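Next come the structures, one after another.
You will see chain A twice below: alongside chain B first, and alongside chain C after that.
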Partner chain A sequence: MAMGSVSDTLWDVVICGTGLQQSLLALSLSRSGKNILHIDPNDYYGGAEAAFNLQEAESWVDRLATEDKGFFRSASITKPDVAGLSFPRAYSLALAPQLIHARSELLSQLVSSRAYRQVEFLAVGSFYIFKAPSGPEQQPSLVRIPSTREDVFSTTAISAKAKRGLMKFLKFVLDYDRLEQRDVWKTFAGRPLVDFLQEHFKMDAELKTYIITLTLSLDGKITTEDGLSTIYRHLTSMGHFGPGFAALYPKWGGISEVAQVACRAGAVGGAVYMLGAGIKSMATATDEVELELTSGDMVKTKLLVRGNESVGDGPSISRLVAVVGVLYLTTMATSNSKEVLSRALESFLSAMDHDQVPQCLYQLYYEQAAGVKQSRLDELTIDLPGPSLSLSMDDLLLKHVREAWKKVASDTADDAEYMIFTDREPVDDDDELE
Partner chain B sequence: MASDDALPTLKILLIGPSGAGKSALLMRYCDDEFDPDTAAATIGIDFKIKRLAVRGKPYRLTLFDTAGQERFRTLSTSFYRGAHGVILVYDISNRASFMSMERWFDEAKSNTVEDVALYLVGAKLDKASRNREVTQEEGLALAEQHGASFCEASSKTSENVRRPFVEIVNQIVQTPGLLTNATAKRRSGTVVVDSTTNNGYFSLPNCAC
Partner chain C sequence: MADTNAPKPSSSVKLVLLGEAAVGKSSLVLRFVNNDFQENKEPTIGAAFLTQKCNLPTRTIKFEIWDTAGQERFASLAPMYYRNAQAALVVYDLTKPTSLIKAKHWVAELQRQASPGIVIALVGNKLDLTSDSAGTAEVSGDGDDNAEDSGDARKISTEEAKTYAEEEGLLFFETSAKTGHNVTEVFTAIANAIPETSLKSARGPGASHAGVSRTEEQRVNLNGPRDSHAKEGCAC
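Coming up: the complex of A and B.
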């Protein structure tokens, strides 16, 4: 973009918000040649998927206390009176600590768009279940859920009969979408997965808990159809990028890292970035939108893309971020979910090491309401769905980004080339010797 | 010859206010090109790769431009991650650009590791005789105050253009803590996502090998 003021240009698109979806849209348009202004009302990247150091977390909590809108509420910070906390910037607390399954479309898009090089991914191998002490003399423990053939064979946690049942189920899931298999679960599709496990596979309570945990469903009420597809995703992701793990986590800031890297790709493509600039008011004419920004600038655009800020009708979550390393605890929001999470944290820490229970150095608690799940498109504006509350990256969001991309780039876009870019830097091979 | 991937990779950033001459410096150093009157150099450059041997040992430099995100000071924390060195650029013919350097030093330091190598460059040295607004002594003093090295350079005439790069690499390779995470190609524990394996114990019929 030329160096004039942002008011001098008629933008092809103004993108408001730098959460995952808007940022991926910027990435998808980064070779389109469109004039793009990308703004965010916050002075940080990531929106509801941001990651904060401790100082930023504190200002975020303070700010939430004074405003009564958005997805977040009841935020508070507790600093137990123990030594050991490092400097504030040594930590990065993610508001969206989502796992990304190896087979997620997000990863293929990051690779094909060449944006992946600037993100470091950690492997997430196993899912565990907390087992309360079975008697007064016993200790609590964490039991790994066997989810590979080898795991199932070698585990000592379940009986031989349960092993056979589990193996049968895992094999079934790998094939669940085939026509003849569909007949088996079709009648259960909209009913809870637990019912299917109970009635068709005759699983005992423990095995059912294992399976439901693998789905990462927060309330355990996941339907058979969704449950089977999530477990399918888990099983097929296992080993995809290397042995022993099914999911990845972007090091440092979770999804926020992905958003930032996508925004940088947008900037490399010529998009102009402004933080601390939200939309104060807007007026629509027949073929353009005029926006007054909170920064004071007036801008005109042919299209406005923003995130839907309304609270949807799904259930809210409560989250406790505990600095012991960094732990994220999530549950459905209820009147006592804060206590539930505190107790869960204590139990977890005592199960980690019975002799020397690790100490929690800092806690951030908040509740987050569900966003609207659909996107809304009209001539001049696109509202992308609100942020997802699920514990793993939901590929459905990518569909909405692609729709928005189609609308913005419809004149030049080739659908088959979506998010497929070549590297920008030619590898320089002339050596210099000093 | 060793393949590129085997070389220790150093991440070096160029930051500073818009118009200081960062992109021109990068273009001159990497491609030996200079475009006198456009700001277009900034667009389309993610990073440049340059191989450089210092003290007889080759390194692979990845040199990151700001991609225009310096204009409204919206560089992200992820941009700074893993940087071994930061080259801070101001324009010797523009006093305001020099005055903003304090904030750029702050930003660089607070987003990088403690022993990161810093280098201050006074750009557009060819303008010294007619339009100089910042003396060489002022530049040097600011650099010393922040523990950075310093030189003045011109992308137009090529004078001193290679110096900041050679010297910052020299500085980096003499900081043992910094170099350790350049030698392991990826830090241990991170996953390579651009190639897949077939280690799944439950591989699908259509992808079993």
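Coming up: the complex of A and C.
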């Protein structure tokens, strides 16, 4: 890429938006030799998966009050009158605080593309359930969900009978996809997992709650087929990158970190980055698209890839980000989900330490509508699906990125080499641990 | 010294490069890391970061030098670029006044975004284009220069930049990536200025053989099996 104006080049592809999918596309094309212009209407990276410090969160909320920001609505910030908040840049609040299971394809791609070196991951140990006090003398508590054989043996939280039931179930899930096993759950496939647990495994209410929680389903209505595959992923992820954890979380800013690192890889590969530049208008000719950017530049490209900004027909979520450390609470959006989340936060804090309940210093609340789940590939434009609302990384999104990559790089790309890169510089093994 | 063969403690330092396009950021690093210079170099493509060791009398600093990869061009550097940076090199072209304005902007940005305590060096590059290009300019000296001499492309006096650097508490050097003048000195000065206390987990001898060593209990290393080819040697 020469140093001329962005208008002088006929781009192979213009990517609009720096959310996870567009950023991964930039990463996947970073060794393709294509001329890539990567723009974002926002002045920050990450789109719907961005991470904000407190100051940025405030501007975001202010902007949402006056302009339509697609998926987001009802955003507000509450600052309880308590001392202890550090400076605004000390915090990074993620709009997409997704867990990434160790067996997620995303991690394989980050490793094979060598982009993982710049992301710091934290291990997510166990999953817990809040247990309300059972009597006036009792305290609320957090109960760990046993999800390995060892866990089940050693737990004192459930009865011996429940242990046997749970063990039987975990064993079942580990090869649920085998032909003989499929016959067992086939008739339940599209029905709620709860029904299958009830009718086939005769689980009691408590055990069912444990299992449904492991699926991270927000409404608890996950189907048997999806539920089994999710629990399978959980069980096989356990111990994959080290003992005692099944999932990871990108330190600092959740999925935003992955997006930023992927964009950097794009830039290192020669892509040109412009924040604060969205598409004001577009005109299509036979074999190119002409774009007028909000920055004033006119650019021409052979292909335009953008995120589908339309609201889909899936349910919305409500999210509360609470600064006590940083806690993320999510539920299905309803008329009173804001109160539900506030009460959940209070309950959670009271269970953390009965004597000295931690204080919440800052709260960001918002609702997020579901996006469109399908991508659309036309001759000159590709619309990637909207952002995922699930609590853990949804590998289906990666499929759409790969399709887009194929379309952009079909002339030169070898599908078997997708996202497989060598390190650009020699690296010492001992040096990346800092 | 009792035992000169005993390995010194070694620590990694993330250093970020900042400055207007074409002031010679990558050239400075190339000179420092490979002792090389390329005339009419294309804008940076393909370098994520480079590493180079700097041997001080009591310790070894291993610089992990992050290039902007052109993301500075439209002010599009991501927060992850500044994160955990312990040092920054802010470069301007001393034949181009706007580049110092831009450098001041980056210094302000670092003071806003980067970790408190980051060591910042302000570097005026392309000294070879000035009349004091014989490599004799003593930056640490009294600072008077001959900017008005004929055949001198200098547009920013040493005094002006130096005064600014002192006000902001920055290290200050004038360099030539082309001749190599003062380049190693910049990195050595930065290495010396990084307080011992801010160096994380200084690894002594043998630490690299410890296998899976996580600095924090819950930090995860996705590192798969692969070749390791350590880059040795030092320009300091």
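FYI, the second predicted complex is superposed on the first by the 424 of 434 C-alpha atoms of A that agree within 3 Å, B and C clash if a C-alpha of one lies under 4 Å from a C-alpha of the other, contacts with A are read in each partner's own complex, and residues count from 1 in each chain.
By definition in this document, a residue touches a chain if its C-beta (ideal position, glycine included) is under 8 Å from a C-beta of that chain, and two chains touch if they have at least 3 such contacts.
Because the structure is a prediction, the values reported are computed rather than measured.
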Clash or fit: what happens to chain B and chain C when chain A is overlaid? clash
Which of chain B and chain C A:Glu150 touches, first, second, both or neither: first
With the two complexes superposed on chain A, say which partner A:Asp378 touches: chain B (first), chain C (second), both, or neither. neither
Who does A:Asp81 touch here: chain B (first), chain C (second), both, or neither? neither
If you stack the two complexes on chain A, which partner ends up touching A:Leu275: first (chain B), second (chain C), both, or neither? both
For A:Asp68, select first, second, both or neither according to whether it touches chain B, chain C, the two together, or no partner. neither
Touching A:Thr236 in the superposition: chain B (first), chain C (second), both, neither? first
Please indicate which partner A:Leu170 is in contact with in the superposed arrangement: first for chain B, second for chain C, both, or neither. first
Which superposed partner A:Gly125 touches (first chain B, second chain C, both, neither): second
What is the shared patch of chain A, the residues that chain B and chain C both contact? 1-3, 45, 51, 89, 107, 110-111, 116, 118, 120-123, 241-242, 245, 248, 251-253, 257, 260-261, 263-265, 267-270, 272-275, 424-425, 427-434
Once bound in the complex, which stretches of chain B touch chain A? 4, 18-19, 30, 39, 43-56, 58, 67-69, 71-72, 74, 76-79, 81-82, 110, 166, 186-187, 189-204
In the complex, chain A touches chain B at residues 1-3, 45, 51, 89, 102, 107, 110-111, 116, 118-123, 148-151, 170-171, 174, 235-236, 238-245, 248, 251-253, 256-257, 260-261, 263-265, 267-270, 272-275, 424-425, 427-434
In the complex formed with chain A, which residues of chain C make contact? 12, 21-22, 43, 45-51, 62, 64, 67-71, 73-76, 78-81, 83, 112-113, 200-201, 203, 207-208, 212-215, 218-224, 228-231
Chain C touches which residues of chain A in the complex? 1-3, 45, 51, 89, 92, 107, 110-111, 116, 118, 120-123, 125, 241-242, 245, 248, 251-253, 257, 260-261, 263-265, 267-270, 272-277, 424-434
